[in-house]
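All chains are identified by letter, namely A, B, C and D, in their written order; residue positions are counted from 1 within each chain.
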Amino acid sequence: MTTPSRPPHLAGHDLHLWRGDRAVFSGIGFEVAAGVCLQVTGPNGAGKTSLLRALCGLLPLERGRVQWRGAEVHADLGAFHAELAYLGHDIGLKSDLTAVENLYYEVGLRRRVDRAAATAALEQVGLGPAMHQDIRHMSAGQKRRVAFARVLLCACPLWILDEPTSNLDAAGQALIGTLLAAHLRAGGVAVVATHQALPLPAESLRSLVLG
Amino acid sequence: MQFLRMGGYAAYVWPSVLLTVAVVLLNVHWARRSARAALAVARRRIALQRGADA
Amino acid sequence: MAWTWFHRFGSPPYFYRVAGTLTPWFAWPAGVLCVAGLVAGLALAPPDYQQGDGFRIIYVHAPAAWLSLMVYTVMAVSAAVGLIWRMPVAHALSAACPVIGASFTFVALVTGSLWGRPMWGTFWEWDPRLTSELLLLFLYLGYMWIRSAIEDTARADRASAVLAIVGVVNVPIIHYSVLWWNSLHQAPSVMKLGRPTMPASMLVPLLMMLLGFTLYFAALLLVRARGELLRRERSTRWVAEVIGGAGP
Amino acid sequence: MSARVPVLQAGLRLMSRDLRLAMRRAGDWLQPLVFFLVVTTLFPLALNPELSRLRDVAPGALWVAGLLSSLLALELLFREDSLDGSLEQLAISGVPFAWLLWAKTVAHWLLTGLPLVLVAPLAATALGAPAAAIPGVLAALLLGSLALSQLGAIGAALTLGLRRSGVLQAVIVLPLAVPVLIFGARATALAIAGEPIAPPLYLLGALVVLGVTLAPLAAAAAVRISLE
């Protein structure tokens, strides 16, 4: 992979998205530089998830441009995806595999990971001994933690997280906040859809209200 | 009469012709109906929108 | 030059207007040609020396079979254009096709078996052309059903476009495999005339019918595509401008 | 930034994941195979069980049963992955999506197509095929099942997430599968008759090449649309 010349920077200009014959949002714009998190809020149905999925390139925009490191995302979607870790509504874990196996196989598509690295990431999210259980035997909160460990293990400069703290207890929410802050301090970029207050300093937090 | 008998093939020629003509006309009807329906829906929407704007 | 033309036709309001103007220019010649061709074919052309008057079914069977294939091609090509360049006009054109194509495929099948009855002695013979038509009908049905199964129009457009493209790659393969299969089993084929060259009195009505049906399809396509375009664009400003004047 | 995984290795990793998952749910993957055997058993019961008579219908019976069982197996290809969101993760993994789906299709073929090919000699013998015909039957089914799984991937991708997708999938895939059926059944018939089977086998091979190169692209486009 070529070393990226420009610093991480995500921007959306004049974004319009339609579902069927209904405009979900129109004329949205934002910019997030390295070390900054964009918090997306809005009532249910305002299009938070749709916006996040559109930024990932999963949903076609009616109009508008998304730029990563100053270049059009759609010009080279593969290169953009290689730098993107997305935590969606459906967590994307196989219920018949253990947490360690899930990370090994899924993140293993993107970069070299061994079981030690997977274990380390799962310890970071506080999963402990449960990591050798099948996902099907885990609680919703534990599954979220595994999914978050996958984001960590991807080691990507851009995180797009959809409700990362849902189903998490207070300790879990605080943990996510800490890890997010560390990601930003390391020069990462994040877009997070959540109603929870994020424990981030004001200079590294932008807000986008939909609806 | 000779023409209608089609040299003994009337039972095959005429149903073929009739079916084809029927489908040709039906397609005209369907096409116009679908275009009219789309127009009606669009009109209704615009009327609704104007009502909402006013 | 060609590209400006392409882009202008890609613009929905322009297409909507031009399609409306063009429709009668296709429809009237189509009507005249079809009536004249049918009269000439059924009444004026001489009977075939082997099949007698039975061959006259060709004047409806061949144009229907021609449409069944041409409509599929138009459908697939416009679907591909719509998928690649994200043009609503192309998707509207593609969505206008399946009903027309499926109905003429059906006509080609029925007239083909009516033609076959006196020649083979049965209504259905696994003739390669009829078998291909039957498979084409199934392809149309799949396309129509996948469209209706997806509620969101934009998604239905794109998913059915993938199917149409896969189908159009497959149609020749299916056709030649059926021909190959048929050559092993030697079912008699009567869907061609005995003589290698047709006299003009037989050929001209046939050509008139083929041209007439083509123009007829063009007219139908434009009428339907206008409607489909309104369905896709009904929330945009040009629709209000175009039809607002006539409305309340 | 750490080094990216070579594309080939990513495909193998995904394939081994699918194989491991299948091992944990062996029952699911046996069903199409059992279905194939049940259907081939039905033919002698519905027809004349005299072996010399059965020999005439054996190619048709084998191929229709194989086609239906491969259709049944398609449910196992993308459905689970689409429901739990892992298909979405694959789509944004940065690895060419068509390649990943191709890897999944190959794993699926190893789990459903290959077992079918392996039990086919049994079914063919039961339907009256002589022992000398077995290599030909095997070769035809091997190529045919590969082509069918590629075509099936398109059908499965197009109907992903739709209501009553099973029937729709059948209507989409079966007409497209006609050439495979024709060439495959012909090769099988020639093998049973003890004649050279090369011509239909070559044609079948051409279909496999075409399917393997083009089908993943169509499937990837269709899956992306279904993810919207």
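Just so we're on the same page, a residue touches a chain if its C-beta (ideal position, glycine included) is under 8 Å from a C-beta of that chain, and two chains touch if they have at least 3 such contacts.
Predicted, not measured: the structure shown is a model, and the values here were computed from it.
> Mean of the CA atoms for each chain, then the mean for all of them together: which chain is nearest?
Minimum centroid-to-centroid distance belongs to D.
> From the centre of chain C, which other chain's Cα mean sits the farthest off?
Result for max centroid distance from chain C is chain A.
> Take the average of all CA coordinates in chain B, do the same for chain C, and state the distance between these two points in whole angstrom.
Once rounded, the distance between the two centres reads 15 Å.
> Take the average of all CA coordinates in chain A, do the same for chain D, and state the distance between these two points in whole angstrom.
36
> Just how far, in Å, is the C-alpha centre of chain B from the one of chain A?
Roughly 53 Å separates the two chain centres.
> How many angstrom lie between the centres of chain B and chain D, each centre taken as the mean Cα position?
Each chain reduced to its C-alpha mean, chain B and chain D end up 42 Å apart.
> Indicate the residues of chain B shared as contacts by at least two other chains.
Not one residue in chain B touches at least two other chains.
> Would you mind listing the residues of chain A that make contact with two or more other chains?
60
> Show the residues in chain D shared as contacts by 2 or more other chains, in ascending order.
Answer for chain D, listing residues that touch two or more other chains: 228.
> Looking at which chains touch, is this a line, ring, star, complete or other?
Drawn as a graph, the chains match no named shape, so other.
> Go ahead and list every pair of chains that touch.
Result of the pairwise touch check is A-C, A-D, B-C, C-D.
> Enumerate the contact residues on chain A facing chain C in the complex.
Checking each residue of chain A against chain C gives 18-21, 23, 60.
> Which chain C residues qualify as touching chain A in the complex?
Result: residues 86, 151-154, 234-235 of chain C touch chain A.
> How about chain D: which of its residues touch chain C in the complex?
So the residues of chain D in touch with chain C come to 154, 158-159, 162-165, 168, 171-172, 174-176, 178-179, 182-183, 186, 203, 207, 210, 214, 218, 221-222, 225-226, 228.
> Which residues, counting only chain B, touch chain C once they are in their complex?
Contact set of chain B toward chain C: 3, 6-9, 12-13, 15-17, 19-20, 23-24, 26-28, 30-32, 34-39, 41-43, 45-47, 49.
> Within the complex, which stretch of chain A touches chain D?
Touch residues, chain A against chain D: 1, 3-4, 56-60, 78-84, 86, 88-97, 101, 105-106, 108-112, 155, 157.
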